[in-house]
Every structure is written in C-alpha cells, then in structure tokens.
C-alpha cells in the first residue's frame, strides 16, 4: 500500500485522538474515540493484520463506545460554572499537546524515511490468508456483525432513554 | 435445512428485531400501545420455538444444530473448521434449555411490567428486545470472541434497564454494575487475546481440541484462564466478585429485577461457565478447581449473608449468589450428571427466583414496602403470593418434590462422585441456611398472626397473579415429571 | 398331656376373669347376683385347686408369633405350684365370703369384686405359668388391679396408689430384666427346662433382678413402704387378701422357684455371698418393719408393718438355702397368710362396727365383740410365736436355719420376735382390754356372721396347723423340696430344744416389757413408749415417721435429682439450637452485612482479592 | 384390581386427594371432612388388602418405573412396609376423625385437612418406596406438612418452633441425603432392591443416622419435638404416634435391617445413643409442667426403646422394636388426643393448674390411663410385650447393661406418666365447669385406649405379623 494513504490515515487518527481529548461534551468525545478506532482498524487492515483490524472495530468502535455512552449517561452533570471551569483548566493543560505530538510525528516519519523502511512489508507471516476483507468480514465473522448491529441499537436506546428523557425531566 | 428449522432458528434473532422495528417505526402512540403485547408475543414465541427446537434436536444425531445468520456461505465446511471463523450459530440442548428460560422470564417480566406508563413501556420493550437478542446470541455462539460481544450486549442492555426510571438508586446501582462489568470485560478480553495468541484461534472447537488433548498447561494458557475465570466470575456474581449484585438487584425496577435475578446475570456469567466447561476447557484443571472453590465460597457466603437482610429483594440477591454457586458447582465438577444438574438448576433457578421477584413486586405494589420487618401475616390477605412464595422457597432450598430438589440432587451427586465429598457436604448443608432465611421471610411476611394494619391489603390481580400461578405450576410440574426429564436426557445420550 | 389338665388349668385363669368382667357390666344395684357370682367363682377356684392337687403336668400351646421367640403359652403344675394354688384358693374364698358382709353398705363393692376376681385370675396364672414371660405377664398385670383397688375408696387416695404402683412397678421391671437375663443365660424361657443356672457372670444380674422381683412382690424391704399407707387408704378386704396373703404367696413362690435346691432356676447354695445377701435383706426387713410396727397407734397400720416384717422371716428362711430354712420359710408363708388375714379381718370387723381403727379412740372392745377378740387373740399369739400355735413352729424352723447360717441372723430374728410379741401385746391390750372406750354415738355389737365365719375358720387353722403341723408340712410343704428332703422330717415338735428355750425366754421378756411399759404409762397403748421415746431411738423414729427412710421418697428424690440433671442436659442441647446456632448465624451474617457497605472501591478490592485466589489456585496446580 | 393397583391406590389416593380437599372445603365443610377420612381409610383398606400377599412369604408386590443412572423408582409392598402402612393409616384415620371435633372452631381448616392427608400420603409413599431418592422425597414432604401443621395457630412463637422443627429435621435429612449419595457413589444406584445386602461405609451410616435421629427426635436432635407441642393436639398426635417420628425408625429398619449389612459397632453405638436419649428425655419429662411436653419427652424416651430393639441385633429385639412401634402408635396417639381434650376443655396445658378432671371426663381419664399403662409396659396392655421383648432382645444380644439402663428409663416412665395423670385427673378439682370433649374426640380416644388393652390381650395377632417380618429380615425362623 502506498505511503500517502497511510500518512493520511495516521493524520486522521491524530485528529480524532486530539478531538477525543479536547471536545467538551463527553458524548461527542466518545464518538470521536469511536472514529479513532475505525481509522485504526482500517490502518491495521491495510497493514496486513485483518483479524486485529476486525477485533479493533468490534471492540473499540462498537462495544467500548456504547459502554462509554452508557456510563456517561448514567452519571450526572456538574453545575455549569464548575464544569466550564474544569474544561478551561483541562484545555490549558492539553493546548500544548497537538504541537508536541506534531513534532514527534515529524521526527518519527523522517527517521523512517531516512532508514528506507518498507512499511508495506510488515505483515504477520503466520496469519492465515484471507482472500478479501469481504470474505473475512461478511462470511467468517458474520456473528460479530450481527453483534455490532445490536450493540449499536443498544447504544441508541441508551441515548434515547437516558439523555433524551433527562432533558425533558 | 428445511423451512421449519429456518423459521425456528431465524425467529430467535429476527423476532425481537422485528418488534423493535415495528414499534419504533409506527406512529408513536400505536408503537407505545403495541409494545408490551408485542413483547409478550416474542416471549411466548420464543418458548414455543425453543420447544420445537428441542424436538428438532432429537432428530439429529450429533446433538447440535449449526446455522448461519445472514446467508449461507459457499465454503461453509471449510470456514467452520477455521480457527478464526465465527460464521454460524450453534444450538444444543443447553442452548435451548436456557433459551426457553429466557423466553419464560421475559414473559414474566413483561407481565410484571403491565402497569408501566406507555413511554416507559416502549423503552422497556426496546431494551428487553435487545436483551433477548443478546442473550439468545450468547446462547448460540460458538466462538470466544463472539461470546464476549454478546456478553457486552447483554450487559449494556441491563445497565440501561436498571436505570430505566433514572432515580438516584437505580443510577447508582447501574453504575456499580457497569464499573464492575467493565473490569470484567477488560479481563475477559485480555484473556481472549492471550488465548488467541497462544493457541492461534478463538473458536470453541479449536481451543477445546487443544485442551482435550491433555497437553500440559502453558503459563500463558494459565494467565488467560485466570483472566477469563475472574472476568466471568464478576459477570456471574460469584463471591467474592459479587459486590455489585445486591445493589443492582435492589435498585432495579420490579420487572427488571425479575429479569436480572431470573436470567440476565445467569446468562452473562453462569451460562458462559457452563458453555466453557462443557465445550471448551474440558480438561482444564485450573479452570475447574478455581471455579469449584469460588462456587463453594459463594454458596456459603450467599446463604449466610442473606440471614440478616431486611430488604426482600436483597435477600433474593444473596440467595442468587448462593444458587449461582450450585449451578457452577455442577458445571465444573466434570461429570455429565453434574452438568445436567447444572443445566436443570439453571432453569429451575430461573423459575423460582422469578417467582420470588414477582412476589416481591406484588408485595411492593400492595403493601408499599419491601422491608420484611414491617410486614406480617399476609398469607391471609394474599394467599396466592403466600403460596407461590412457599413453593418457590422450598424449591430454592432443595426440598422435594419441587423442581429445585432434583437439580440440586444431581449436582451434589456429581460433586460427590467426582471425589469432592467435602464440597458436596458443604453445599448440602448450606441448603439448611437457605431454608433458614426463607423460613425467616415466611415468618415475617406471610406466616404469622394477621395484623390490623394490613386488613385492607388485597391480593394482586392481572399479570402478577398470572405469573405467580404460572411459575408455581412450572415449579411443581417440573418436580413431578422429573423422571421423564431424566429419561429425556437419556435419549439425548447425555447420561 | 390330657384334656382334663388343660381345661382345669386354663379355667383357673379364665373363670375368675370372666366372672370379673361380667360383674363389671352388671348394674350397680344387683348386689346379690354379684355376690353369688363372686362366691361361685371363688368356690370353683378352690375346688379346682383341690381337685388338681397332686397333678404334675405341663401343657403348652403356641402364642401367636410370640412362640418363635421362645414365648409360649405354657402352663404346668408341680408340687410347689399346687401348694400355692391351694393356699390362694382357700384364702380367696374366705376373704370373698368375708367381703360380702363387709362391703354391703359400701358403694365401691362392684369395683372391688371386679378387681378381686381379676387379681385371683392373674395370681393363678402367674403360679401356673411355665414360661417366664407368661408368668411376668400375669405377675405384672397385678399392678393394674393393685392400682385400681387402692383407688377404690376415692380418687383422693391416689398418693398411695401411685406409690404402690411405682414401688411394685420398679420391682416388676427388675423382674422383667431378670426374666430376660435368665432366659438368655439358660437359653430357654420354659421354667421346667431351667435348672440351677450357676450364679456367675451375666447370671448374677439375672439372679439379683429375679430376686428383686420376688421380694418386691412379697413386700420386703425396700419395696414395702406403700403397705402401711394402703392400710389407711384401701378397703380392708384388700389388705387382708393382697398384702396379707396373695402377694406374699406369690413373692415367696417365685423366691422358692429361684432358690429351690436342685430344681430351682438358679444354683443357690448355703454359705455363699448371694445367700448371705438375701438373708441380710430378710433380717433387715424383720427388724426395721417390726420396729416401726411397735410404735404404731392404728390397728391397721400396725398390722401392715407386721405384714412387712413377717416377709423378712420367709426371706431369711429361704435365703439360708438350707432345706430346713426353706421349709420354715414356706411354712411361715402359709401361717402368715392365715393369721395375718385373720388379723386384718378382725381389724375389719372392728372398723365396721366402730367406724375407726384408731387405737386412741377405742379400747376394751373385748366386752362387745368377744368372738372377734378370741379370733384376734389366737392369731396374735400365733404371729408372736407362742406355742403351740402355728407361728411358733414355722418360726422355730427359721431360727434353726438362721442359727446354722450365722448367729447374727439368728439374733436379728430373735429381736424381731421380741418386738412382734411386744407390739401385739400392746395392740391386744389397747384394743380389746382395759376400760371400754368407744367413739361417740356408736352402739357396738358383734360383727355379722358372714364376717365371723372366715375369721373363725382362720383362727382354727392357726391352731390346727400348730398342733397338727405334720399336715401342712408333710402333705404340702416338704414334698415341694423333693429329693433335698431325703432323710429329713421337720414335722412335730422342734428338733433343737435350746432354741425353743431361748424363744420362750424372749417371749417372757416381751411380756415383762409389756407390764413394765403399762405400769409406766398406765395404759395398754403406752406399753412400748419407753422404747419409742428412748434417747436416740426417738430421733430415728421421728425421722422414720417423717418418711425419711421411705424408699419411695428416696426414689423420688433420686429421680428428681436425676431429672434435673437430665433437664439441664436437655436445656443445654436446646440452647445449642435456639441460642448458639442462631447467635453464630446471626453474628456472622451481621458481620457480612456490615462488610457490604455499598462502596464501589470496596467491591473492587474484593474482586482483586478474588483474582488473587484464582491465581493462587492456578499457581498451585501448575506446580 | 391386582396387588400393584392396591399399592398405587394406597399411596396415590391420599397424596393426590389431599390437594382437592381445600377446593372441596370451599363448597362444603362436611363433605371435605368425610373425604379426608375416606382418603385415609382407602389407604388403610388398600393396606389390608395387601396384607395376605405381603405375609404369604412369596415375592412382594412391586410397581416400578425404570430410569437411567440408577434412579429407578419403585414401590414395594413387603411385610415391613405393609405393617407400617397399616399402623400409620389406622392411627391416622382415627386422628382425622378426632379432628372433626377438635378443629372445627379454628381457622385454616382447609389447609389443615390438606396437610394432614398429605402427611399420611407421604408416609404411605415412604414406607412403600424402594428408592432412596423417593424415600427422601416423601421424607421431606412430611417435613413440609409438619412445618405447616405445627405452625397452625400462626403465632410468632409457634411459628418459630415450627421453623425450628423444620430446620432441625431438614438439617438431619440433608446429611442423610449425603449418606444416600455416598451409597450411590459406591453402588451406582438408588434402587434399594438392586443393592440389597451391600456393605456400606461407616461414613454413610453416620450420615444416614443424622437424618434418622433427627426425624425420630433422638438425642441430641430431639428438642424440636417437645417444642412442637404447640401444634393442635391431633397434629402432635399425628407427629408422635402415626407418622413423623415413626418415619425415622422405619427407615432405620428398612435400611439397616432389611437392606444393608451393618458393621457390628453400630449394634452397640446406636443402643448407647438410644439409652442416653431415653434417660435424658425421661428425666426432662419428670421436670416439665406442660402436659404435652411431658408426653412429647415421653415419646423421645420411648423412641430410645424402639431404637434399642431395632439396633441391638437380636431377632427378639427387632420383633420387640416393631411391636413397640405398633403399641406406641396406639398409646401415644391416645395420650395426645386425651391431652387435646383436656386442653380443649380447660384451655391450659400446665399440669400445675389442672387437677381433678376425672369426674368431669371419665372416659378421657380412663383412656389416658390405659394408654399410659401401655406405655409404661404393664400387662395386660400391649406395651408390656414390646417392652419385654426389647429389653430381652438387648440381653440376648449380650448387652445386659444397656438393658439395665433401659429398665431405669422404664422406671422413670412410670414416675413421670403417673405424675402427669394424677396432676391432671386426680386431686382437687380445678375446673369445675370442664366438660368431656365432643363425641368424635371421646370416641377416638376411647378406641385407642381400648385397643391398647386389646392389643395386649390378643397379642398373638400383632405378634404374628411381627414374627413374619422378622423371619423375613433375618432369613430364619427362630425357635419352633
């Protein structure tokens, strides 16, 4: 696979990660985290670890997110001023983070390029050969797919039950 | 695969899904008013289809039925053999028995929920359908990772159900459950990951092949098993992993605690143990012994701790811990008889514990309290509740001729036969404690001089009454027809 | 085995019993029919006993399933049992005759006749039985009639009834155990197949228990103390027939059955420890009972103590295991039955005519009731051992045997004789002589003929058996011993002149003592007050009157003491259930409850500890 | 109908019939009462019908349901079982009849009749069952009935005692179940007929003894029985005479005499336990002041005799023990029913407050006395033979000292029963207005008192039955 796509994916990941940390709403933060997992799963798949990609997708994008959503929905909100105070504090602390990450990223990339490492070559030789993503995803792990569907449903209901009505209440 | 089988197997996932779709896509009012009846239909449907499934199973030689979900893959056989494939569901007797219990308890739960306001009813139904799908999936999977996925579905649905009314207590209980459950998830997931790494696969058949061959335990196997055992023990609520359980049971709404106590935590934890003990870690001594130990501790702890509780539901929660111990004991002692006992006890526990939770709901609705110290002599005003609670408690304590006796008997026999006579002794004697706290309930709530202040109390009607009668009948009938059950398992070749 | 044997045997039991049951169902008013029925039944009984006399037969039939356990319905007659049956028949007939008059105006007549006839049936059965268990059946059955009879005079009399039931019950239970052990030691329960079991090992227990049963029925110490109480509380014919006659006959019958040299159940030899023990019981019974009799101030009560003390002579005589002693004991038994019944009957006559037997209220009755007085005098002289009445001869035989077995027993017997004589001198003097004194508004006449006739017959028998003692000895008693009697004949004048002289000296001393006492106090009733109120003795007498030495009271104290211990054990066990278990369960449960605080962090800590447990299990298994 | 049919009728009619009684009771009280009596009598008649075949010496009647894994369920009408069934159903029928008079003024009659009949049904099932699990099943059904019946009056203290009785008996029973399981682990079956003559481990014997002793209220598991005296009198009578405590001794006979070879040590150990029990209970009976508790302790004490007879190991002792079961059933049933009449009339059970009731209730008093004499073992009452044979049996087995201990216990029996009798029926009149009970009650006690006497006079009839049981048990006919 070609480098630009990889870099693009990595970039997306960084963005998602930063968003997850920085976003004010916990719910949106959790969704950002899910996005991060999805990107990571795609990356893993392209790097030749389809199984890992699949599990990442199931666990992190699906389950963990839903659990986060549930957890968030179960906890109460702090008073508005206090919460904003907290967020301001956190923002100040994490403001330097993107810059820091960017610098490290640049350095690592430069080092890779300098050493001429072929990224596409890293793949687990012991891993079974899966013909296609489609086969893997839709045929071999169709149970998980079903699981994902239900998980997402559950997450949706969690939001419905615990958020929507709370606002009404 | 003939059409009937297709319909049967399909209905286990499709029917709840259909209900969700219909109820949510219809206009709001219709959806809300249809929700609970639809849930009843699903539950009864599940009871019927699992019954048919059991008959169908009798026709097969292998003792299980495999089927795919969305579509048939071309190279099914090859995929099925793969160490990574989770392309199909697989049902055997165990699955069908627990699925029948799921249908039954769901029905009871819905009947108990009859009085809910329509908004809640819709949400409740939605989540119940998710829960049913989760538990059905759990009962049918043949792969460790998929097992985990469905465990989580079950978990998530029950968190939300506990907090359905969003009162402080419910939220707190739910949160405790969630935190402990998250710990469990982490451990289980880590365990699965390590297992995958060291055995090179996650399907049951793949791993069991390795364990059955009797090769010595690798350190990483052991680590994986430790994590799995601990994780599942949390889910099951085995002592000392049980902390969340009484709080969650106590704080849940009545109809939800029927579900939780009757089936959900059993599915999440105990079913997993049953499944793993039967199909996966067949000769894994560490798995068996550590769970034997935990089960014994639970039996004693649950029975003793219940003695001093005041809250009806809390007593039931501790009782659950104790009963879970019995089921696990039967599952991991390593004898087919014990396994059948565990399976039957699973079912019986679903029956009698649901009965008791329904009793608790009935009392709560009529007497407006769950504190047993504040009640007394209610057997006169509430004969149905009184009688059904007597039957359920005797069944729990393992007093013949009720259903609970037989399953407990099989478990104890198996435990003794496999050489754990001391544990068998402890387990048997703990049932005296079980009896003790149930007698305490009876004494303080039902069986006693009639009190003035309860003169106006009336017996419950409708759903609660129906479910009490239904469950009592099942408890008694299961006890009486036990010989036939035994014959059934013989024809199944399980004894 | 012939038909006659069976029929007659079994009718001895059945006829009186049936008659009794018929009486029970007769209406209360039919006095004549009842009397006739009793008369017929007892007469039949007597005639049958006479007809059977000399018959030696056994008869047995299976007793349902019991037979397979060695318990047959087996009867037999031999010389001993025929002799006893005859005595029973005669006494029963006479007392029945007497009761017709005595009970005429009593409302408990029906109950008395019922129990009376059943008692006779049971006594006959016990004597006839050849199987030990069958004997025990009839033997213990007497308890029920005893209890019933003691309650006849009113239900407020129950303390005596219960006392009698308990004491005799204890001795009967001892006999039950004895029968069991004997049957085990001998390998059979058929008495005619058991001879001379050596008294060793387990048989010691059997012997002791059988002995306890026998002397308990006879009313020896320590099973005696109900008899004086019964004298107060029971109808008089009861006293005459049961403690006075039948129970002695039965008890001594068994004693002889056990001890008879050669053919007895146990090997019982002279000069052995067992023999000494039995004699000691006899001697103690004589002394203590007669000492109590000495101080009594009531006609019947005084007699009742004699009823006890006389048993002592029999037990002493038989306990020597010498032929002369056994003959003496049996002879004394017959004599005692005769004169003691006569004495009781005369007491009954006095009671019926004056309404009381309290010696403080009556005296000088001789003038009003001469026939009664004469009968009383004959019997009293007889029991005191004046020659030539029958009591003298039997006592001499016992003295002889006691002398041979140990001088201490002889002295005890002599002491008893002295006090017997002294007490009867006092009794006779107080009741029949001296200044006439009567209860108010009573016109005392002689007793009716129906009461006098039995008394006269008995008094006559006293003289007859004294003067012509070879009749009972030669015909009835000595044959019982069979081979052991070879070369001996104790009939006629006593064979040891020295002992006779000593006895007469003792009697003279008793008379002297009497006159001393009368002189001191000035009245017949106070004749023995100097002994009663002697220093030291006074104290003991007082305690005895307060029932300190009553074995029943002692038994009750022991039982109560034991019962409280047992109750303590019982409560302690109950506490374990009610207190301890509950406390442990509650406190453990409470602890666990407090443990569960609802804090999430704590739950996590537990879970981690659980994880450690699991790791530990694995670690152990991996190694 | 053939033998099997009667066997099933004997068990099923009261068991199933009991459940329709509450329904019938809603319609007609009278019909319910009659039906209850009928059900019990049906059992009795069926048992009588089984008698000839059981005692013919041929193969006993069997009804079986073959199940896997040694779970085969079956009923068998051998002589021992039929004997027990006869005794229980007969005394039970009288007690039901008595209840017509006793219970009519109380609440919860429907439940009462249901439980009583179910109780007797469980007893029938227990005596005929040939399967250890089935045995345990009926055992526990009886415990449930016992629990409900003891708590009949629904007062806090009473219920506590009912709970205690339930817990103690179940505690013993579960240990017994463990014993059964250990036998199962050894033989691979629960079917008694399939493992006849097996040697069982001492551990199993101990475990089973826990159950038996707790059910039959023997030291140190006995205290629930006196406490159970708070139940209505017909119920205590049922517990003591007809059903509950007899279950323990029956199972002892069934398992250790009929089915298994008992190690010799138990022929000494059990009599020793029984002896201690007999003495301690007799002592406690002498101290107690509650009429029913006295009689209850008496039961504990008498059970010691039964155990002695059954366990000492000599045929005469076994016969005595069985005879004792019969005689004690009649007599103790009568005593409790008499106590019930007294309680009914005076509303107290304290013998210190009672007195002089003889003139008010002569039939009851005489019945009490008759039954008392039978328990004391006086001829011509039936108890005599039983007592003699038990004591003689102990001697025969070479244990004269144990026999002596029991003789002491028998002395105490006389003392405490007479104490109870005189304090209640004799002495000064305490309740001048007291009247005799209803005719049903008086009739029942009268019959029991009379039978106690007749059973002694016509001892050959019960002895015949007992003898035939013993000859089957020991395989030989002793003596002639």
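Labels for the chains are A, B, C and D, by order of writing; each one numbers its residues from 1.
One rule holds in what follows: a residue touches a chain if its C-beta (ideal position, glycine included) is under 8 Å from a C-beta of that chain, and two chains touch if they have at least 3 such contacts.
The shown structure was predicted, so the numbers you read here are calculated from the model rather than taken from an experiment.
Peer 1: Need the central chain here, defined by C-alpha centroid distance to the all-chain C-alpha centroid.
Peer 2: Answer by centroid distance: D.
Peer 1: Rounded to the nearest whole Å, what is the centre-to-centre distance of chain B and chain D, using the mean of the C-alpha atoms as each centre?
Peer 2: 43
Peer 1: Could you please state the distance in Å, as a whole number, between where the Cα atoms of chain C are centred and where those of chain D are centred?
Peer 2: 37
Peer 1: State, to the nearest whole Å, the distance from the C-alpha centre of chain A to the C-alpha centre of chain C.
Peer 2: Chain centroid spacing, chain A to chain C, equals 108 Å.
Peer 1: How big is the gap, in whole Å, between where the Cα atoms of chain A centre and where those of chain B centre?
Peer 2: 34
Peer 1: Of all the residues in chain A, which ones touch at least 2 other chains?
Peer 2: If we look for residues of chain A contacting two or more partner chains, we find none.
Peer 1: Tell me, which residues of chain B touch at least two other chains?
Peer 2: As it turns out, chain B has residues touching two or more other chains at 175, 436.
Peer 1: Between which chains is there touch?
Peer 2: A-B, B-C, B-D, C-D
Peer 1: Inside the complex, what are the residues of chain B that reach chain D?
Peer 2: 337, 377, 394, 397-401, 405, 409, 412-413, 416-417, 421, 424-425, 428-429, 431-432, 435-436, 439-440, 443, 447-450, 483, 486-487, 489-490, 495
Peer 1: Which stretch or stretches of chain C touch chain B in the complex?
Peer 2: Of all residues in chain C, those touching chain B are 585-586, 588-590, 592-593, 596, 598, 600, 602-604, 606-607, 609-611, 613-615, 617-618, 621-622.
Peer 1: Would you pull the chain C residues touching chain D in the complex into a rising list?
Peer 2: Residues 62-70, 133, 136-138, 140-141, 143-144, 155-156, 158-159, 162, 165-166, 169-170, 173-174, 176-177, 179-181, 183-184, 202, 205, 555-556, 559-560, 562-567, 569-570, 573-574, 576-578.
Peer 1: Could you please specify the touching residues of chain A with respect to chain B in the complex?
Peer 2: 51, 55, 58-59, 62-63, 66-67, 70-71, 73-76, 126, 128, 138-148, 150-151, 153-155, 157-158, 160-162, 165-166, 169
Peer 1: Under the stated contact criterion, what part of chain D meets chain B in this complex?
Peer 2: Touch list, chain D to chain B: 65, 67-69, 71, 73, 133, 136-137, 140-141, 143-144, 151, 154-156, 159-160, 163, 166-167, 170-171, 174-175, 177-178, 181-182, 184-185.
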